[in-house]
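These notes concern the structure reproduced below.
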Amino acid sequence: MTGFLVRRFASVVFVLWAMTVVVFAIVHVLPGSVAHMILGEYATNEAIADLELRLGLNDPLYLQYWRWFTGLLQGDFGNSLTMDRPAAPLILEALGRSAILASISIVLVAIIGIGLGIHSATHVGSWSDRALTLMQYFFIAVPEFFWCILVIIFFAVWLGWLPATGYSPIAEAGLLGWAKHLILPVSTLVLGLIAHVSRLVRSSMLEAIESRYVLAARAKGLPERLVLRRHALPNALLPAITVLAVDVGILMGGIVVVESVFAFPGLGRMLIYAIENQDIPLMMGGMIVITAVYAIANLVADILYAVLNPRIRVSGSAG
Amino acid sequence: MLLPRRSALAIPALVGAVTLPRPGAAQSSGGGGVLRIAMSSNLRNLDPAKMTIGEEFMYAVFVFNGLVRMKEDQSIEPELAESWTYSDDLKTWEFKLRRGVKFHHGREMTADDVITTYRRVLDPATSSPSRSNYEMIEQMEAPDPYTVIFRLSYPYGGFADILSDRQVKIIPADRIDDLATRPIGTGPFTFRSYTPGDRVVFGRNADYWETPPKFDGVEMRILPEMSVRIAALQAGDLDVVWDLGPENIRALRDVRNVRVESVATASWDGAILNNTIAPFNDVRVRRALHLAVPKADVAEVVLFGEGSPTHSPIAPSHPFFANDIPFPARADAAGARRLLREAGHPNGIRVPLVIPVGRPVRERLGVTLQQMARPAGFEFEIQRVPFARYAAEVAGKVPIYVDGYFARPTIDTSTYPFLHTRGSQNARLWMYSDPRVDAALDAARLSGDVNVQKTHYLAMQRAMVDNPPGYFAYAQKFACAYRTAVRDVKTHPMRWFDLRAGSIGA
Amino acid sequence: MRHIPRTLWVGGTIVTAICILAVLGPWIAPFDPDAFAVRSRLEPPSATHWFGTDEFGRDVFSRVLAGAHHSLLMGFGATLISLVIGVPLGLIAAFRRGWTEETIMRGVDLMISIPPVLLGLLILAVSDPGLFKTILAVGLVYVPIMTRVSRAVALDLLAEDFVEAARARGEGGYHILVREILPNAWPPLIVETALRITFAILLGSALSFLGLGPQPPDSEWGLMIAESRPFISEAPWIGLAPGLCLCLLLIAVNVVGEGLRDLLDPRLRGRGHG
């Protein structure tokens, strides 16, 4: 088990480091100079040359990378070019807000997804099961950005029930107002994922229910409830956990679009803003942070999976 | 209600935005409520000297004052300067400053602050966009703390007018380093906080040197989606939508609790044609484009009628506009093709056309140009580039791209930098040179008589018909939407708001 | 031949119909998709304009038809790329083990660590957008998953008895690959491919929505939805039409994928990947 953990950890560290190299390389392939970005289009050539000297932009790339990398390790992401203040606090604040959105979404996806999946599996063929299956086909296939538009048209413009913007600080609108603003963005994020997770849980439950262990347990005369809980459920949950980890990645992709449309000031929005405005420190820092979160989510999922699934522990590899 | 699990990282989000402690001084309520204005993008700069976008100009007028101020009818009146006189040769200007004007941190404004402000703008290291507008300032003196004397290197009749511009708002000499994060000015509102991606918050300045505003505060909210802004306005979550898109004006005019106000401005959009690289380095090709795409149609298609075609940065609503130069009613594809053949392009032209991502009206202009120029032999391939990359990749490098510019305070500052051979913007945009235009611009500067100026500007516009630098498409109207409860807030042609008198009624 | 599930019939018919419409689109469209008609701007759906008109007066139905091929090309093209690159990589990893496998799988881990939309954004930051670059980008994004799946399938198969038997008979690696592995590997691979197409279309249109894909005046469906945003309250059909068509295509492709899985390898039920 320890060996497995160590290897996974090392893998995460490697991935993060490789990301810094990739991001740095890509960003420095971008046309236009950083000094130009800082000083704006009205700078004189002398001012630009001067700034480039001061920022060390004429040094060889590997030196610049080293400087940036060591800065990263100390928590210094450099200064945002467009907002003229340290990038790290900006990124972390935005991350915090996105984390709220993501946490609420993942919790909802887990609870509702797993719940619906179990219900479907234990009531196969009922109208609720069929209705669910139909909805699942539907929700999986609708693109996130389209959902946002639909939902805005429907709930905010036509019905006027819910606010069309995603963010209202608790201090201002109170807990209820804050929650109300979150309803539309969160629902847009979770619908597809709930469909995904519930289908998965349903199929794994069904598989487990028909498996040998369960047959044996039933043959022993155990009550159905117990059979389900002790034998079917754990086996059904295992794939659900891996899928949840993958869903974190999908969630992040979805967050980028959802935050843009609903004006939610999170990390996804900040990243798009940074890319559009070529705010390089913000862009690089944001990408690293998102990758880190995703890598950690995957790590956690892998660990959970290994803890729950004895077969993996022994063989030492997970897929 | 079930509280969601929050990660520990969420906590800083509630307290981390840049904030100023509330001033200890009397924070008496104005009673007018907090005005919530919606806009589409982040402020990139809190330093007035570096401002470039409309949202920043709005903020500057809340927090700062200039020596003079521009009213909604585009005339100027004294602001921080009580009065001024000028020498007969128009080269020496003396401004008397108001006494007792306090910055938000309590210190009184003096001549030293004024001189520091202008010196900063003139300093190349600051990289101010309007540095070249003030290059005629040779020397500044402060014989006493309330008098500033400007000595100009050449006579400039409009000197007082250009002091109303956005980049020369007066800043405190002792708080320059804080400008980017905790700006201090003399304006009717104090800066409280800026959360990028979310909002900028202002408080009421109870010690404002004029009558303090009725509003208790202002919030500028950042909402990129226009539909979201409009929905929030109708729902009462917002009070003002700044820069309403022309496509939305029609729909909102029928809504009961919303008022739309639209004014003519000199802000113009157009296609910037590079005069030094093919194919638009040939004047015949530039003229062919004008024949191929009738401006009247362009304004109608792109702006839904909220604007009018123009020949130059001089707006159709301005007295100097050349009304006698006609706009063709119809496309002349044959004429355009003939010109192209003469210029050596018998099979037409194929070039990329760059349009800015995130500016829907200009994107529409690009698509319209592309579509309408096709029958005349122009094959434009559209490339969408974020406008933040224009400086690095586009300006001065591509043959044709779509862009636009805000109105400037005076006709001279609207035209000279763009059209004169030595103009600062000219070198960045089209690299245009026409001796007749130069002569007209120089002559107009030398006279203080409005009628004489008019003849020169008319001559300039006529010369531009024969030799157009680029395709000036239209002067756009500027519209804002307000909840009917908002009183005494008007749409300003310079795209900012004068909030000194307004309030939110019951 | 096993009984073909109904889902496969229905889904397959819809997808085929869309493909045919996409190919015939330019010829059967009632109006020129690029033609402005300023007088009939923002008109709701009617007998002449089935899906209404947009802000330039262009017929939305014609534009939807003209844009269909983008989504299909993105789905099939990108998946093909991920197949062509990912499967050999996965098979090599499964066969060689050791350092080759380690390197390949570490690379895969790295790429999987980047959420797909982000990868697309990274590429947005660097190059000029366009249809083929988007197809390439989306294809590359899904290479790691194809690699993982094909490796897992190959590993599973390599542990089977008949492979042991083949080894015992002295057959070389190449023969085992071609004679034993591939014939048994293609059912799960096909299923995975079909499922991947859905995601490829989704990702491709999301990137177009963000501005990366085909440029105006091309009427790629994601781009059309993006361009419809200023007019949502006034003229929702401009965005609804391409959006609903996109959903229809995605559901149909998804259904086909599921149907294929039911047909070829019922064991894989529930083994859906992200």
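Which chain is which? They are A, B and C, in the order written, and residues in each are numbered from 1.
Assume a contact is a pair of C-beta atoms (placed from the backbone, for glycine too) under 8 Å apart; a residue touches a chain by one contact, two chains touch by 3 or more.
As the structure is a computational prediction, the values presented were derived from the model and not from experiment.
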| item | value |
| --- | --- |
| Chain at maximum distance from chain B, centres defined as averaged CA atoms | C |
| Comparison of B-C and A-B by number of C-beta pairs in contact, larger one | A-B |
| Distance from chain C to chain A - Cα centre to Cα centre, in angstrom | 21 |
| Chain B and chain C, separation of their C-alpha mean positions in angstrom | 44 |
| Chain centre separation in whole Å, for chain B relative to chain A (CA means) | 39 |
| Where chain A touches two or more other chains at once, by residue number | 152, 157, 275, 278 |
| Residues of chain B touching at least two other chains | 225, 227, 231, 357 |
| Residues of chain C whose C-beta touches two or more other chains | 229, 232-233 |
| Chain C-facing residues of chain B, complex | 225-227, 230-231, 245, 247-248, 250-251, 297, 300-301, 355, 357, 360, 363-364, 366-368, 370-372, 381-384 |
| Chain A to chain B touching residues, read off their complex | 31-33, 36-37, 39-44, 46-47, 50, 82-85, 89-90, 92-97, 99-100, 103-104, 107, 152, 156-157, 160, 163-165, 167, 169-171, 175-176, 179, 260-263, 265-266, 269-270, 273, 275-278 |
| Contact footprint of chain A on chain B as seen in their complex | 1, 4-7, 9-14, 16-18, 42-47, 50, 52, 124-125, 127-129, 131, 180-181, 195-198, 221-225, 227-228, 231-232, 234-235, 237, 357-358, 386, 388-393, 395, 428 |
| Of chain C, residues touching chain A in the complex | 106, 109-110, 112-118, 121-122, 124-126, 148, 152, 198, 202, 205-206, 209-210, 222, 225-226, 228-229, 232-233, 236, 239-240, 243, 246-247, 250-251, 253-255, 269-274 |
| Touching residues (chain side chain C, partner chain B) in the complex | 34-36, 38, 55-56, 128-129, 211, 215-217, 229-234 |
